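Here subunit A shows up in two complexes: once beside subunit B, once beside subunit C.
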Partner chain A sequence: MMEQVLLWFFALAALAGGVLMLVLRHPMRVALALISTMLSLAGIYAMLGVHVIAVFQVLIYVGAVMVFMVYAIMLLDVRDPSFTRRYSAYLLPGLAGLAVLAFAFVHAIRGSLPAVEAPAAGGNFNVQQFSVAFLNDYWLYFELTSVLLLAAVVAAIAILKARRGNNG
Partner chain B sequence: MDSTQLLLVLSTALFALGLTGVIVRRNLLVMLMCMELMLNGVILSLVTLSQQAASTTGAVLVFLVFVVAAAEIAIAVPIVLLLARRKHTLDGDAFTDLRG
Partner chain C sequence: MMQDLVIRGIYIAYAIGMLMTFGLILTWVERKQAAVMSDRIGANRAYLRIPFTQIKLVWWGLFHGLADGMKMLLKEDFRPVSYDRVAYALGPWVVFSPVLLVFAVIPFGGTLVPAVLFDGSPAIVEWFGDRSYPMQIASLDAGLLVVFAFSGITVIGSMLAGWSSNNKFSMLGAIRSASQMISYEVVMGLTVIGLILIYGSVDLGSIVEQQSGVLLGFLPAWGIFYQPFAAILFMTAAQAENRRIPFDLPEAESELIAGYFTEYSAMKMGLFMFAEFIEIAIIAALFTTLFLGGYNLPFMSDAGFTLPGGHFIALSHGTVVLTQLLVFLVKVFLLCSFQILVRWSLPRFRYDQLLRFAWKFLLPLALANLVVTVVAVWAIRGAGA
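Entry: the complex of A and B
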């Protein structure tokens, strides 16, 4: 009972954050709404028993990605017209598309999914099992991930070099 | 509503909201954040279903998706900053000449 209430609370908080992202005007407030959505999702993951993913969600998404995004917002000029006028010309088609998409998705899900009770939380995804599986079975993907991150760093430096070359 | 159904409905709702944000909003950084919202919705459905199947493979896959998302944002934000430096605006309509 208590778990169900908490699950509904986190789900509603995530949904409210998503709606606020469409409504709020300033990008910094949009970033804060997105952060609250991500934290609610981390709460949901923790309640599902996948604590590893909850920690990763907070560390990688909130800690790295969103801090980077907030940094970029602070670098930019607030008097830009895109900061004061929040919607583009596609407002009405976008909202109509949202209505159609949401109706189709919810209808499909409610019609087709059997009501399965989730297995007992905990024990499935503890850190030890995760890391043993990760480094025994999937070590190649771990190495490929590090190569990908290296390529991303090199590409970011290349972009910065291009900017400097055009200005100077 | 069953809790699995609740989480799947929430993930599709987040995906639809993010897609609408990409279409509707004007600011390029806000569009990027709405793309992150779409990715979060998809990851929620992946986590829910892999937790139901009790598979460690799902957790590993989610971790790899997180890393790819971090790399993606590390490339995308400098590109947006470069565009803003060139045109002195973040208005998505200002970049229609990038159309092929």
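Entry: the complex of A and C
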């Protein structure tokens, strides 16, 4: 009973945050909507008994990623016209891409949905299990991701440097 | 099920009550201690007069907290024309609520067995059976991570507040606050990793339990004796996180009026202040838990005292519970007082000095401490295995 209510609450909050994120125009409000989605997802993870994942969700996504996003948005000029213009020139291609993506998702999920629902993982997923799995099975993927992020950072700096060079 | 709900409800009420009381009392302690330190009489103007008499209750100025609260509640709630009313209204709450939430994982006592505590009444004994509860609102095994997760949210609140106020001073305060908190969070995290290595756990309850042993035959096995260096670094970084003098650059009144909450008035401003004072208590509670043996006296565990010589003094369950609750409060209060001592002793940094202090002084020291700890733990455990 209690769990059902909480699950509905967090699920609706996550969905509402996601929708608001798409509808709102102002970057700061979009960031706030995204934060509320992340927090609701963390709530759902915690209810599934995987506290570790919930904590990392808050710690990394809200505590690190979103903090830097809000920091950057804070320094933006809020009178920029792109915040008030509703649709960009890529509206139609974007919609077409969305339709294709949605179709692909539905197709993939329909094909692979298990007949019987798997039982929930239970509340035994603790920090120790997480660390063992993380450092034994997933360390390579983790390192690859960080290399990817590093490449992105270097690319961003390269673009900025190139623009500055052109200006002066 | 119902029993769990009752016990947790009592814990939550106790925790919120305790934090609010600390927040209120610390506003008075701050003034009174400043007065004592600078040889003044200090906060003694507010008093209650018993109606129809001339008896005035001064009580060392304790009612100043009451007067403050009344003032904040009754002042005009001034709203500036801001970019974003939602963010402006949200700001104080995003600063205030994570501070309270952090306390959810801090243990304020050992294990409570209601049936043993109330063994005089058969109804209670029967209702609770052999259930036992650690005195901690949420005994999560990711305890320490939860602390860092929640304290990371506070940054967003101060940025929202400063940004949405539509004021250059607020904006500068928000930028300073964010940069400072991000920098010192790194240091704080690194200092704690050494402790995690030694205790082999991030569960705060288990960390406290491991501190009731004996170290080198005569010292209590407290974190501060394992990691004295980390204790100093942690205290420094934690005070910088709380943005108080000497780290109060985000709200430096001689430069930025009041920094990111310049445009806030009445109780909204009060929430920022209250959050700051409660965070003093939270830092004290965390430091107690990590470095000072938590709710236990030296050599004490849930069963009783195990003195260095091997003597064992058993204590009844009621005595243990009461002692632990009391010891925790006393330790937290003394550490709060220490933080206020620091606040009234040191002058403010310059902003570049503040960031340089974090990245070029504290961070290398924290890393060095971590390396030494890793090598020591590896050598000792390796020799044992």
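Please note the rule applied: the second predicted complex is superposed on the first by the 95 of 168 C-alpha atoms of A that agree within 3 Å, B and C clash if a C-alpha of one lies under 4 Å from a C-alpha of the other, contacts with A are read in each partner's own complex, and residues count from 1 in each chain.
Convention: a residue touches a chain if its C-beta (ideal position, glycine included) is under 8 Å from a C-beta of that chain, and two chains touch if they have at least 3 such contacts.
Computed from a predicted structure; not experimentally measured.
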| item | value |
| --- | --- |
| Partner chain in contact with A:A72 - subunit B first, subunit C second, else both or neither | first |
| Which of subunit B and subunit C A:A64 touches, first, second, both or neither | both |
| Which partner reaches more residues of subunit A (counting touched residues only), subunit B or subunit C | B |
| Which superposed partner A:V50 touches (first subunit B, second subunit C, both, neither) | first |
| Subunit B and subunit C contact sites that coincide on subunit A, given as residue numbers | 52, 56, 64, 73, 75 |
| Parts of subunit A lying in touch with subunit B, wherever the complex brings them together | 4, 7-8, 11, 14-15, 18-19, 21-22, 27, 30-31, 34, 37-38, 41, 44-45, 48-50, 52-53, 56-57, 60-61, 64-65, 68-69, 72-73, 75-77, 80-83, 85-91, 93-95, 97-98, 101-102, 105-106, 109-110, 113, 115-119, 124-125, 129-130, 133-134, 137-138, 141, 145, 148-149, 151-153, 155-156, 159-160, 162-163, 166-167 |
| Touching residues on subunit A, where the partner in the complex is subunit C | 26, 28-29, 32, 35, 51-52, 55-56, 58-59, 62-64, 66-67, 70-71, 73-75, 78, 126-128 |
| Partner subunit A, residues of subunit B touching it in the complex | 2-10, 12-21, 23-30, 32-34, 36-37, 40, 43-44, 47-48, 51-52, 54, 56-57, 59-60, 62-64, 66-71, 73-75, 77-82, 84-86, 88-93 |
| Interface residues, subunit C side, partner subunit A - complex | 83-84, 86-87, 90, 140-142, 145-146, 148-150, 152-153, 155-156, 159-160, 162-164, 171, 174-175, 178, 182, 201-203 |
